[in-house]
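You will see chain A twice below: alongside chain B first, and alongside chain C after that.
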Partner chain A sequence: MSSILPIAFDGITYASWLFLISAGLTLIYGVMRILNVAHGSLYALGAYAACSLAGAWLGGGLPAAGSFAMLLLAALLVGSVAGPLIERGLLQWMYGKDEVVLVLITYALFLIMEDVIKLVWGVDSLLLPDPYALPGNFQLGGLTYPVYNVLLIALALATGLALAWALYRTRQGKLLLAVIHDRDMSMAMGINVSRVYLATFAVGATLAALGGAFTAPTIAVTPGIGVEVIVLAFAVVVIGGLGSLGGAALGALLVGLVRSATVRYWPEAELFSIYAVMAMVLIARPKGLFAAQEARKI
Partner chain B sequence: MRPSLSFGLCAALAAFVFLLAVPASLAQQPLKVGIVTFLSGPAAGPFGVPARNAAELTAELLNAGTVPAPYSQKGFGGTPIELVIIDEAGGPQKQVAEYRNLVPRVDIVIGYISSGDCLAIAPVAEEQKKLTVLFDCGTPRIFEDASYKYVFRTGPTGTMDNVSVALYLVERTPNVKSIAGLNQNYAWGQDSWADFENAMKTLKPGIEVKTSQMPKLFAGQFGAEITTLLGSGAEVIHSSMWGGDLEGLVLQGAPRGLFEKHKVVLSAGEPAINRLGTRIPDGTILGARGPFGPFAPGTDLARWLKTTYQDRYHVPPNYASFKMTQAILGVKAAYEKAKGSGNEAPDQDKIIAAFENLTFEGPGGPVKMALGKGHQAIMDAAVGTTRVEGGELKIVDIARYSADKVNPPDGVKSEAWIKSGIKK
Partner chain C sequence: MKAAIVAIAPLVALTGLALLSPQWLVFMAMLALAKGVVVLGLLVLMRTGLVSFGQGLYFGIGAYAAALLSHHLHVADAAVMLLAGAAAAGLIAALLGLLLARYRDIFFAMLSLAFSMILYGVLVKSAALGSTDGFNLHARTFFGVALASGVERRVFLIAGAVCAVVVALLVHRLLGGHWGRLATGVRDNELRVAYLGASPYRVVYVNYLIAGAMAGLGGALAALAVGHVDPEMTYWTTSGEFVFIAILGGTQSILAPFVAASIFEALRTIASQYAPNVWQMSLGLAMLAIIMFLPAGLWTLAERRRRSV
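Coming up: the complex of A and B.
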């Protein structure tokens, strides 16, 4: 019993981090049918921007609590600048091409962005540990945990609820659902699909950057962090079903809990555990847990 | 028609000038040295770029003739050296292709940080018949599983790091009863943990291994692993992590009391001290993969590297920088020994013959090419403990172990040597 609580807490913390990144990835795929490999770079960009902004804030001797606002600002900045820039500057010219071609295009973009990050921030790791230590620690099952992990879980919950509300309870969200369901019909009905695409990509980019910005205080921000993330995020999205927000949440939770239990009881299999979950889900449901059934067009 | 006297004089003069000029121009042809090190990816910051910086600095100062004795002769035996630097990123398959492209462009190759790259390059170097000096990778398998003519390694193996930290640990905590590990899940992490675990079992028979955590390389987040280690009850935690993973471990582990409740051993932790400083908690046992960085001896050569590197790059040289300079100086020593007092440039076979079993002075102290039939270096080892004093991180209680004590004899595999009792 004493180990169940720590395993569950570690699993949920990891799941929260995974969900923040996977939500944007699945949203972009659901609407635009793009498997965005550059999502990893947007995550990295969020982490680097957070280090710069919050680092400058703290370096200026301003109140440490304000560094959390800087993390949020970094995510919004990356989402609102890099997102539209990529969508308007590159992706809008590629719509209608085969999904595999789009994967290759975003992969090329990923490589370019990795080099851009290296040009701007260099190859040395950046550290931003103050926001992680600031809220202090608490005890759970006889072990010490940082309160920051609770904030991360709260952020993921709030983001998930906000996304669900925006999708299912607002007019804009319903228009977006219409585009997900049938792009051609939506255009015929007068929906400005181009604008929906732009907004979706900007929101997806913001979510990736949000994941990066709030992870930055817990890690050393180094070149290549986007590579590690994108592989995990793809696994989560595939488990949940491509394009499903609820699926991303459940997929993240499954992966988080299974990984946490594996680290505890069978550490040799940690690397394999995530993909074992994916394989088992795909055997039972080849399109993932919550993939929408596609209507066949004649 | 008879040529005029003045024409004859001019022709003779021109011929004389030409005769003088040809050897001079040939003598000025620089020796091309290929340098392979990470310029991108996660290993660039802690190792690749510090090594590249050391290579550029060393080549420039060698050409200027300002390196202390016994390396004060310009270049290699008076011939200037020119570097051709390429990126090690991309994995062994890509590196083999890059190496094949590099070979025709250079006279000597010095490089490789990743053990995977070293294992892939060594047989290709043999096939290409190109003198190739590995400067940093740690796997002992290079010369234990094969024999090479054209391949040398001027840095010690990972076995030495883990045997020396085990000796240090047992000397200071003779009643240690349990250990645990947190190492990256690839060749380096697995080999390091195996060497440390075996060394501890040899030194303290009956020691209990509580858990061995092997997270994915570059995972960066170790929340569940730290929870398991905290709950394991192990007295000692060993980690050979490096780069962002190591920094992440300290950032995430220190606030949770990992370093307070356990004696933590970071066998390759030295590069992190410049990055993390006082964030590395008191009492952490630290290795530097040899007598490098803060463990360097007080020789003119070590002082020269520390001063010139600090002046140019505004950070102290870490072990990757030391090992790169050591490799270049090793090749210079072999080249000059092969050249002797003659004027002719030695051919590759002569340099190889001079390099085998060579003992030369590096910035970390004496380097003996004693293993792998004279192709693999051994050095003294050094281990210390961190202490925060006056807001600064210091390395105290430094212990040195002679090269013979922490390396197997030639021809004996590391694992067998450790299991048979770590004897000279």
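Coming up: the complex of A and C.
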């Protein structure tokens, strides 16, 4: 019994991390019908930018607490620079192509960005341990946990709530929902779909970078960190149903809890368990848990 | 018949290559051949309009089946290994295909990806199979004939060439006939195919099975070439590479996958030698250029020339 608390806490921590990355992916898919492979590169970009910014901040002898603001700033910077650059520079010429071709296009983009990151930041690992150690530790069920994990959970919750509020309670969000529901009709009603796409991609990119920026203090930032993240985020998003924000949250929670229980009782099966959950969900519900039904067209 | 005659040329060329060229070129040609076979299988699947992002699953199964034979059962015959690779992959494809043949579009791609990642997860954690390091294999005989060290790879290249040509001819016949038309029909409008009395499910299932078995054969060939297997063969980036090669060559011709795989391997060898840090970037840029300007692959270049002559 004593192991349930740690399992739940680990699971929720992991789920928060997963949600931060997958929320952007599912948003972009929902609006633009693009399963963005380059999402992993945006995540990596966020992590690298965080290392540079927070590293510079701490290196300048400024108060350590401010490094958290630097993590946020890194995410915003990546989202507002790289996001529009990719959407305006590449993706806007590709709309209307087949979904699978769009996957390939973003795959090409992923390959390009992997090398761009290497060229800019080099191939050595970057470390940014300070923000992780700063908040201290606490005890739970006889085990010691970093307070940073609680911050991560809070961040994911805040992000999820903010997204839901923006999507369902604001005018801009309702315009977005209209575009998701029927792109052509929204266009006819005078919604500037091109601008909606641009905003969506920028927000999605910011979310990916946010996930990366807040992961950076917990890992060694090396080339290739985005590669694993892509398939993990795919799994979460597909489990929840492509394009569903609530689905991404539930998918993240499901994967997080299953993983932490597996790590505890059967550590060899860690990776296996995540994709097994994905396969089982798809077998039971071919379009994910929360996917909208589509009419068959003859 | 015409196709059979055309097929003799590459066979002769590859045999010449196997006998005369330096070891590194033999190695490269084998890898290109192995990937060409996998991609040709992918092409069969793509005829039905489905793209699998998980062919690494069967590539890995084929390679591990061959390697396990040599490593655990001490069967060191290359012919048996190739056969076992294709059979093991075909068997798994026959099982998973029952399920996957019901899926379409992005969901097909994602579920096949999930299955390949499951195998990756299992391989990475199984210490008996060498975890992330994998293990070595060694084939010493071919159809029972003992091979002197040094000539093995040359013999395997010829064997691989024969396999590839036979498989390519079979695929050519299959896609050129009734079955190929049916597959295209499924891609264009599945419901109508069903109304006309054919079973789209069966078409997709059989093509998936063929693609799986061919990926297994390719995996066994690659294992023989490298002499080593590791879980990376089942990772999603490997599967992505296959899709990349398929797009590079285009889906118009049986030869395209082999030409594209050779270009890919040659480029990779050169790039990893001279520009290891921008190798992926050049791949990505090439892919974008092809998707934008040659949507039917490099093969359109050859077609255009033929038409203008």
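Note that in this section the second predicted complex is superposed on the first by the 294 of 298 C-alpha atoms of A that agree within 3 Å, B and C clash if a C-alpha of one lies under 4 Å from a C-alpha of the other, contacts with A are read in each partner's own complex, and residues count from 1 in each chain.
Just so we're on the same page, a contact is a pair of C-beta atoms (placed from the backbone, for glycine too) under 8 Å apart; a residue touches a chain by one contact, two chains touch by 3 or more.
All of these numbers come straight from a predicted model, not from anything done at the bench.
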**Prompt:** For the three-chain model obtained by superposing on chain A, do chain B and chain C clash or fit?
**Reply:** clash
**Request:** Go through the superposed model and pick first if A:R259 touches only chain B, second if only chain C, both, or neither.
**Result:** first
**Message:** Quick check for you: in the superposed arrangement, does A:N149 touch first (chain B), second (chain C), both or neither?
**Reply:** first
**Prompt:** Is A:N137 in contact with chain B, with chain C, with both, or with neither (first, second, both, neither)?
**Reply:** first
**Request:** Look at A:F110 in the shared chain and tell me whether it touches chain B only, chain C only, both, or neither; answer first, second, both or neither.
**Result:** second
**Message:** Touch test for A:P286: chain B only (first), chain C only (second), both, or neither?
**Reply:** second
**Asked** Taking the superposition as given, does A:F272 touch the first partner, chain B, the second, chain C, both, or neither?
**Response** second
**Request:** Once the structures are superposed on A, label A:E99 by its partner contacts, choosing first (chain B), second (chain C), both or neither.
**Result:** second
**Asked** Is A:D184 touching the first partner chain B, the second partner chain C, both, or neither of them?
**Response** neither
**Asked** Between chain B (first) and chain C (second), which does A:K118 come into contact with in this model arrangement: first, second, both, or neither?
**Response** both
**Item:** Stretch in clash, chain C with chain B, out of 204-212, 222-230 or 294-302
**Value:** 222-230
**Prompt:** So which positions on chain A get touched by both chain B and chain C?
**Reply:** 114-115, 118, 123, 227, 268, 270-271
**Request:** Using the touch rule from the top, collect the residues of chain C that touch chain A in their complex.
**Result:** 51, 53, 99, 102-103, 105-107, 109-111, 113-115, 117-118, 120-122, 124-126, 189, 191-192, 236-237, 240, 243-244, 247, 277-281, 283-285, 287-288, 291-292
**Fill in**
Per the touch rule, the chain B residues reaching chain A in their complex are 39-42, 44-46, 48-49, 185, 211-216, 218-221, 223-225, 227-228, 230-231, 243-245, 247-248, 251-252, 255-257, 275-276, 279
**Prompt:** Tell me, which parts of chain A touch chain C in their complex?
**Reply:** 35, 90, 93, 99-101, 103-105, 107-112, 114-116, 118-119, 123, 227, 230-231, 234-235, 238, 242, 268-276, 278-279, 282-283, 286-287, 296, 298
**Fill in**
Note: in the complex, chain A contacts chain B through residues 3, 6-7, 10-11, 13-14, 17, 114-115, 118, 122-125, 127, 129, 132-133, 137, 142-146, 149, 215, 218-225, 227-228, 259-260, 263-264, 267-268, 270-271
